[in-house]
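Quick one: the structure is below, and I'll ask about it shortly.
To keep things simple, chains are lettered A, B and C as they appear, and every chain counts its residues starting from 1.
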Amino acid sequence: MRNNSVRAIALAAALPLVALTACTTEPSVTQTTGAGTGSPGTNGAASSPASKDWFDQALYDTQFKQRSATFEGNPEQPYLQYIAGPMTDTSKYAAKGPKKVCFANASISNPWRQTGWITMNQQLKALQSSGVISGMETRDAKDNDNTQIADIDYFIAEGKCDAFVISPNSTAALTQAVERACQTGKPVVVFDRGVDTKCATTFIHPIGGFAWGIDTATFLSDKLQSGDKVVALRILPGVDVLEHRWAAAKKIFAEKGIQAKDYFTGADPAEIKKIISDELAAGDVKGVWMDAGDGAVAALEAFEDAGKPLPVMTGEDEMSFLTKWKQTGITAMAPVYSNFQWRTPLLALEKIFKGEQIPTEWVLPQKPILADELDSWLQRNQGMPSGHYAKFGGEDLPGYPQVWQQRQMP
Amino acid sequence: MSTALNSGHSAILKQNRASRSERLLRALRTPGGAIFILLIVLLAAIIALNPSFGEPGSFIRFIGRTAPIAIAAIGQYFVIVGGEFDLSMGSVVTMQVIIAGNLIRQDDAKVIPVLVLMLVLGAAIGLVNGLITTLLQVPSFIVTLGMMLALLGLVLYWTGGAAQGNPADSFRQIGRGGIQNVPVLDIIPYPVLILTAVAITAFVLMRRPFGRMLIAVGDNPAAAALAGSRVWWVRTRAFIMSSLSATLAGILLVGYAGVHPSVGRGYEFTAITAVVLGGVALGGGRGWVLSAAAGAFALESLFTLLNFMGVQATWRDTVQGAIIIVAVAAASRSWQRKRKGATASAHDEQHQLAATPTPAEGAEQSEQGGERV
Amino acid sequence: MKRRAGFFQRLSSTQIVYLVALATLILGVLLVNSIGRSFFSPGNISSILTGTSVLGFIAIGQTLVILAGSLDLSVPYVTSLASLIAAGVMANNPDNVLSAVLLTLGTAAVIGLVIGLIVARLNVHGFIATLGVGLIISGYLATNFKGSFGETPLAFRLIGATGLGPVPISTIIMLACAGLAMLLLHRTRVGHHLYAVGGDIAVARTSGIRVDVPVITAHVICSVLAGMAGLLLASRLGVGSPTVGSQGGYDLLSIAAVVLGGTLLSGGKGTITGTLGGVLIFAMLDNIMSVMQVNPFLKDVVRGVVIVVAVAVYARRRIVSRPERFGTKGSAETPAAQPVPAEGS
């Protein structure tokens, strides 16, 4: 029996090897099953594996400058504005009639993405009624890289897509899948997080995380004295858009002599309140910095409950924070990671199907809300729920405002 | 086996005849007692690092903010000591928090009706968990896992992922307010009072027939059934209490933290960890309810201590993981020591999930369990 | 009622699992065709099978651990760590593939050994031991890795992207691992002891089994298979990622798949074949819901309901097929464990 099992184990172990040889001898098989990675071009494109540190001086400098850049286009339509730069010629995609769009979404697991997803769907309705888009098939990867890769491969094989919209779950991991989508010859629009390849027709994003960090940390440093303590509330480690915000802020705090202590909160307000309470018990806290405005209210309530003077604070353009800011009258600013970018990919496709030129890297405005604009933004977003983002940019779309007020999504 | 039984009895007899101080000392050497020592050590360390934490005013606030997780741990205790798991707890907390936010809004008149609705819903979820587990014979791990997924999904679908906003302040006072101007303490937060009430109720409940039956059921359901317990109803009541305690935790958290879909996330694992830290054996049949609450306090103190020590944020998981393993390993050793000579250490092995000991062993077990509570 | 009991009685739990899988398949065909898609198109089959691979590896390991009466909640973190070691050591150099694979699986085995020793020697419940080890690894990952790391060479990436027809290579490797696990369970002494220990540890000990060995073996294999999942993910992603394991929620999902496959959560009874059926059911369900564009929040509702309902069906069978032991009145517990190697696999 021992002998038998050994033989059987050996046989089973050999099986995958046999399978491997079987497939390498049959190149046609690899061709048809989405092994697009086989093309030699991909090797060079996959760029530097992430470094040990999130800080990137070149990117920091670029975004520092972009904060004061002038944007082309109508300021009334910030979702169509861009910084002048190289353009992509899309005349080869010009075509008549409604087109089918396939959207590989990373997830709708936080209020920011949900708000954007609602806006995107209303934009879709507008473009459907104007006959540009016939329909959009969406696959949601639930924050999972592996699922999103499979989603994109499914679209390539089965979707009958005329265009791809991809909101990558992470940068390096999705690079090859995006390249496979590019190889279909259809337009590919990437937005929010980027990928390590330039093959996409356009890459849409607001200025970026470093700009957020620079805006917020400079604001806090200006309002506070050297040696003052700032508590930095971060959602979770390892997400580039969030890590860039902190990397820039940390650098500036260090330069200005601000004492910054960072915590991960999981965006859980109970966690945030405990952290602030503990910090207040240990000593004075003059400022609060957040890498996303979720739970900002709990941070302020911790000061109220402890009977301490309210801090100087940076949150986000989320309604809960703006409302609390107004109520308490604190010294604050709301950095913005422009939520209206969720409209832009579909509008970009409209231009692509017309064959118009579009920016190769489409950098959207990212302008923080300062104290003097607070009232007008609150006014414009009256009746919106606490998880809504003030700069959602969908005021002219069908369904406004009920769809956003009730957070209706398909 | 009969000699084992005898020595077990004589051990109990000896224990009962010992003096009060000796008994206390011995109790502290059990896992359920050791947690109190761990808790005191942790609190002492925090105060050493930051003396202001020890002031009555800030200490009572610490108890207040730990109340929700302590209440959840007490609820989870009932389920665990009955030999089951409740993984749906976190989703119940989130659901209740969002219901409070979306149904009450700023309307004070709705506070009471919605409060009643939340309690009814909480009880209903516990009832469903309990009935599927006991009558349909689906393992509670799976029932409550399914409930966890389904509840959270439904709530997020209903709200589009984000709540409308915080409910009326009168409702939030339950978790945020307190009795003001108390001498020495300055404030007695309402959560402290609610926690005290829950703890007393739980303590009394565990000394009544229900508690004894629950421990017997957790220890050996077959024997308990033979002895005339309605096993399914005992366990179902444990699930109802677990969901109700999650509801209570949710009500307090709405006040303490505000309405947000991430409130309550991971509560089930925190509660289970707290219960196990309190020396309660997974698989049922052993442990004190107040030790479970103490486990929650120890866990919260640990997090606070890590904050004060300035441990790098990313390393905290690691420290937490190591402490949990060490604490439970130590607890498991002392259970073994205590039971040495009584029975084979079979129960203390890794798979209490499957505990189906022989009836004789079980009878001796439940006797001991009853005495301990 | 009588007749149904008879029908159920003649089926093994593994057969019921595959009946449920068949029902899911039929439902899938109907729904997918109703919106003008084909369920059996190569792209769709490949999509479903890809969905089975990663979860499959982990669920096989989880089956062994559960059969031995333990649990493993640390798998997501082991998987992430494995993907990082693999991609980090390979560093886009094909010559490093073998050493990277060995180092990855070796590390995973050591983690499994540590867990096994904590469970078997320190008598810590598997739930807590693996929760703790998972937290320890998670802290290490968050501290030392900033986002994705390393890079896997093209040859290695092909494993995740290639298929024989619509069947991905990764699925074939996963099935081979399943075959090995079955051999272990049914042809070796350790395998038989695994069932015995999971069934009733006291009885197993009395009959002279060294109960530590099967428990530790199961944990080592489970961690190694989580490492395999990490290798596959490194191959598909092209990089290692500190979050790729937790992204999938593989801890609870794998336990659910195992139980969905008819294995008793309390240990001692169940089969690898059943687990594969459970994994397949999940993969088809996800595929159908994605094709139908079900709201992502509702997907979880469906998953949750299906897990409970399916397991309730098996549990019903267990009630009717077992002779009554303690009379009729509402005895809520069927003494579950029997140290008998599983029914036909």
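Throughout what follows, contacts are C-beta pairs under 8 Å (C-beta built on N, C-alpha and C of every residue); 3 or more make two chains touch, one makes a residue touch a chain.
Note that this is a predicted model, so its numbers are computed, not measured.
A centroid comparison over C-alpha atoms places B as the chain most distant from chain A. Simply put, of A-B and B-C, more C-beta pairs touch at B-C.
Per-chain CA centroids place chain A at a distance of 32 Å from chain C. Chain A and chain B, compared by their mean Cα positions, are separated by 38 Å. Between chain B and chain C, the centres computed from C-alpha atoms are 29 Å apart. In chain A, 108, 237, 409 are the positions where the chain touches two or more neighbouring chains simultaneously.
Residues of chain B found to touch two or more other chains are 161, 314.
For chain C, residues that reach two or more other chains under the stated contact definition are 142, 295, 299. Listing the residues of chain C that touch chain B in their complex gives 68-71, 118-120, 122-129, 131-140, 142-143, 197-202, 205, 211, 215, 252, 255-256, 259, 264-268, 295, 297-301, 303-305, 307-308, 311-312, 315-316, 318-319, 325-326, 329-337.
The touching residues of chain B, when paired with chain A in their complex, are 50, 52-53, 58, 61, 65, 68, 159-166, 176, 253, 256-263, 265-266, 303-304, 307-308, 310, 313-314.
Those residues of chain A that touch chain B in the complex are listed here as 108-111, 114-115, 118, 234, 237, 261-264, 266-270, 272-275, 277-279, 281-282, 294-295, 297-298, 301, 305, 319-320, 323, 385-388, 406-409.
Residues 87, 132, 134-139, 141-143, 145-154, 156-157, 161, 221-222, 225-226, 230-232, 235, 269, 272-273, 276, 281-283, 312, 314-322, 324-325, 328-329, 332-333, 336, 344-346, 348-354, 356-358 of chain B are the ones touching chain C in the complex.
The part of chain A that touches chain C in the complex is made up of residues 1, 4-5, 8-9, 12-13, 15-16, 19-20, 22-23, 29-30, 32-38, 42-43, 46, 49-54, 107-108, 137-140, 142-147, 149-151, 153-154, 156-158, 169-173, 175-176, 237-240, 243, 409-410.
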